[in-house]
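Notes follow the structure.
Labels A, B, C and D are assigned to the chains in the order they are written; within every chain, residues are numbered from 1.
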């Protein structure tokens, strides 16, 4: 057992898989010699050498395309897209190539790769470097989409992603890189497609992802302490596959649903889950599900502005309290 | 009044606006001399000449980037992206440039442009040329997103899009190009952000878009004739701005909601609307809203397969009937 | 133009004999297979038996054949929507190709992919890509795997002149060059993108070759209608790739005899252009070549007849084949064979 | 290297006097403004008064200044995240730039954009773009408007060496070339992308200039640390653009003195490299130049002092400025001033 940062968990997860499987290679912009702009891949170049850990040009299409070609022919590449906003410059691979090749070829081809990317706000980087874009990927059939909230989940889910035979988009939250957590020694392997009930509760279900998870947990503590409202907090972790069993199970117990989403509102994962829950568990619900999201605007740079738009612990507390009191 | 095709309505709409405003220019791949691969822009080159109607290289990023630069500095460009699937190769402009520039500059810049694109299935083109990707745009804050279902709407909404001061993504449905409809003479100008109740009804609201509109209408006729179920059919037309008044108004009357979406299921516009309706009109609903979508898979090419995946009139009839009888 | 021996835009062959009879017959056979299968696809389309779109390589056969014959087992093909020729050139049965176009259960992908997405992994055909430029980086990745593992296979990536103007082209070429990847980029310059002449939208005369220097590569333009020329250039590029000396970019001049796709009557062509290029028809050029090297008319006719018979049989097999079972609709989205995005 | 008069990597000027004293003083002034403002931004960052990221142009001032002075009113600037210099070079007050970095209400965009997105439409600064390559096509569009309307302004697009490897670079260059757009592409080759030497990831020595021929453009590499050289090259390019003769691609050799961004201590540089480039510091080079052309030390010191005072005042003004009002959070998503995506 050791306490390590989310940032170091990334490097440890990659190292674990590279040590295990010589078919795993890793490349991206400034990831090798410099250890990545977020320092999340420090030491890998030294440990695994220039054949397996490579710096690329600023060519995101080439990075993802090359990952796909390598994956189709036997390797297990991990590719980094530095900021998730840049998925927009290589979206063809995400939307049209990775997820469709196996289906179109009636199962002839495979695409076992991982795209790691720094997602989310909190660094005052402004509208083009702060987005939460996991929904860009969730809406594409054929991908798997993961977003861990803690160091141990980073390692376990990254390992699961690398071993998964399908393309996995792995969203690391930039504002979690410095966060520490306990991590067991030895190999860690988790399971994709599993949500985690982080705090059991009976009055309401709060679903959260990535940076919103600690905020939801803090809100649940406050709601309990101040208002005696007992919330169940579920870390969704994996948007595809989606663990609807855990989600529906929780709502079946609490009869109330709140989602906490960092993404701008329209067509977010919360909308999808709400629509699943109302379609399948309408009569379980004691009240309308409520989505707590970033408003549907581009992200401002200034700290005072950025802090106002992301869902905060306070906003979660207020929203849940008002909804349950009404 | 004349009967014209949806295809011809595109050319007429563009011509109407180009004749009105010399700042309107139009460019894209094969759109000028050849009149477009869908023949939707035939005659424009002849009418307005090579300065205003231009063939471009296969450079979607340059096409959209150039449209943006021209729009920022005073023109009103209409750019064509041949198939909407190709939005993936120029998604940076859609996701990060058009919609964020005005906000980031605190209102200093403008971006009055229209991107026209051929959307949707039905031509047996397979997974990379058949998608309905309007949700890729709906989820991005700062865009406007339109998808007409009839020739008259094509002209009126295209005119509104061209005159709109914001970036508008205009989805033409490939399988509607050959469909005919009555169109009044003279200038036609519609309003963005307005849904249309195409068939009033009292038992259930069916929301549909583009190619799904005629199917929803046909389903409503069958439901009435065979089961005496009286459906209100609403053509959503504009995803952003979204006419929630009309939608909530209709649900307030019928107490039942169905969406008919061609897009693959996850995070579609239907999810967003369902989540709005349940949040704001939960107690109006007599039963869970139901989304009728294409399943969350890539699109197959073969006609027999493609026909099975898109929502059909039959599937709509069956879904509504079962839901109302249960 | 490169100074390969045998270069002859007008169909006048060289005099050397490095290729040999066996290979020449293979080159001819491959071209005839493509010609007959493509012509058949066109006829079947007119009979309404080919659905969706289709993009034929009639007139461009020498390129697919020249590379196909030069490729070894294990070498990988990455093609475009205009990929029937490149698929057939790897030995994929005509029946499976036509079956896919006709959306039958015997098709390469049982109708799930369609004409634009032919793939046959067992033949090294790693897919046909319908988004312009997408497969150039993908081919780099396959080559990266070969380099990483010390495999000796080469990835061959075919695309058109119009494709040279999209961003992915640029990224892939630089990527392949800096890492010296064993990949060969083959630009089939047929003078048009869809309906627009490439010269109207490109800043240089030779859209691929005139940009090779931007990636530190030599400028190569060859007669793409002469299978010997193509074959020799392919061999050079493959040898270079296998020796670890990196990628090649080869621009092959050619012309498509039919429209861009089935929907296109190709009215935009200047008068006489098609006729001039038909004089350089690769099949015609190659029949003369065989004659010149003393291969008998009978041998040629035998190949023609055999191929025709094979294509006829394939056609009948496709006509008789059932439509795909709708069971396959929900298979193979994911590696577990299914499509479940939830539990 | 181009043979512009005055070219001198080591700082030895030519002897001609086509530039003249007034312009030289402007060039010096502009460089000093950038130097002082950037240095101040760095100091304020150390005091924790600059938030978010910031990318300085210390050491690269001659490029922004040379182009900025050569630009006329109405000409348009398209910059990157490393855009403070190019913004200031158009006459934007230092206070407004620093205010934005400090996220104050007096900032250019009142804190909504941040350091990477400076824009000042009234000064012709049409934005700073933080997605590599995105603004090259956008600059083409502005130039297309100028051409279409017969306006005589030129669009000037600044970017780094690393940007030459992304697809949008390629698309924009070809697009500008085929339509002969009045746009000038300025590549500031500072030898590194973020932390990776450009030479490790690029197939040619000069990532921009060695690719110019791929777009039918002449190869231009200049000393980017000599404002005279830059100014002359800019004038040539602008004259070409205004004459309707199309785009230019100019590679300016330079070096950044600080790290890539505020987070970067730049440990990856080989020993001595920074020191060698500091000998070619553009301010140092230009002070020598002024001396050579007989401009007095006093004049120089006066400029230095005035600029320092101005930057001090700007700093104080920013420190005193309030934070942005949160009212602006929901303004200017759409042209109606608001953000309503529904009724």
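Keep in mind that, in the parts below, contacts are C-beta pairs under 8 Å (C-beta built on N, C-alpha and C of every residue); 3 or more make two chains touch, one makes a residue touch a chain.
Predicted model, so just to flag it, every value in this text is computed and none were measured.
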Relative to chain D, chain with the most remote C-alpha centre: C
Selected pair, greater C-beta contact count between A-C and B-C: A-C
Between chain C and chain B, distance of the C-alpha-averaged centres to the nearest whole Å: 36
Interchain centroid distance [CA atoms averaged], chain B/chain D, Å: 41
CA centroid of chain A to CA centroid of chain B, Å: 30
Chain D: positions in contact with at least two other chains: 110, 112-114, 117, 129, 131, 133-134, 165-168, 171, 174, 178, 200-202, 328, 333, 339, 341
Multi-partner residues of chain B (each touching 2 or more other chains): 56-57, 59-61, 85, 88-89, 92, 96, 99, 103-104, 126-128, 141-142, 240, 266, 296-298, 300-301
Contacting residues of chain B [partner chain C, same complex]: 29-30, 33-34, 37, 55-61, 85-86, 88-89, 123-129, 266, 295-298, 300-305, 308-309
Chain D residues within the chain C interface of the complex: 165-171, 173-174, 177-178, 200-204, 210-211, 213-217
Parts of chain A lying in touch with chain C, wherever the complex brings them together: 25, 51, 54, 56-57, 59-75, 77, 92-93, 96-97, 99, 101-110, 112, 141-142, 144, 164-166, 193, 240-245, 276
Touching residues on chain B, where the partner in the complex is chain A: 85, 88-89, 91-92, 94-96, 99-100, 103-104, 126-128, 133, 135-136, 138-142, 240, 263-272, 274-275, 278-280, 282, 285, 287-291, 296-298, 300-301
Touching residues (chain side chain D, partner chain A) in the complex: 51-53, 103, 110-117, 129-134, 162-163, 165-168, 193-196, 200-202, 263, 268, 323-324, 326, 328-330, 333, 339, 341
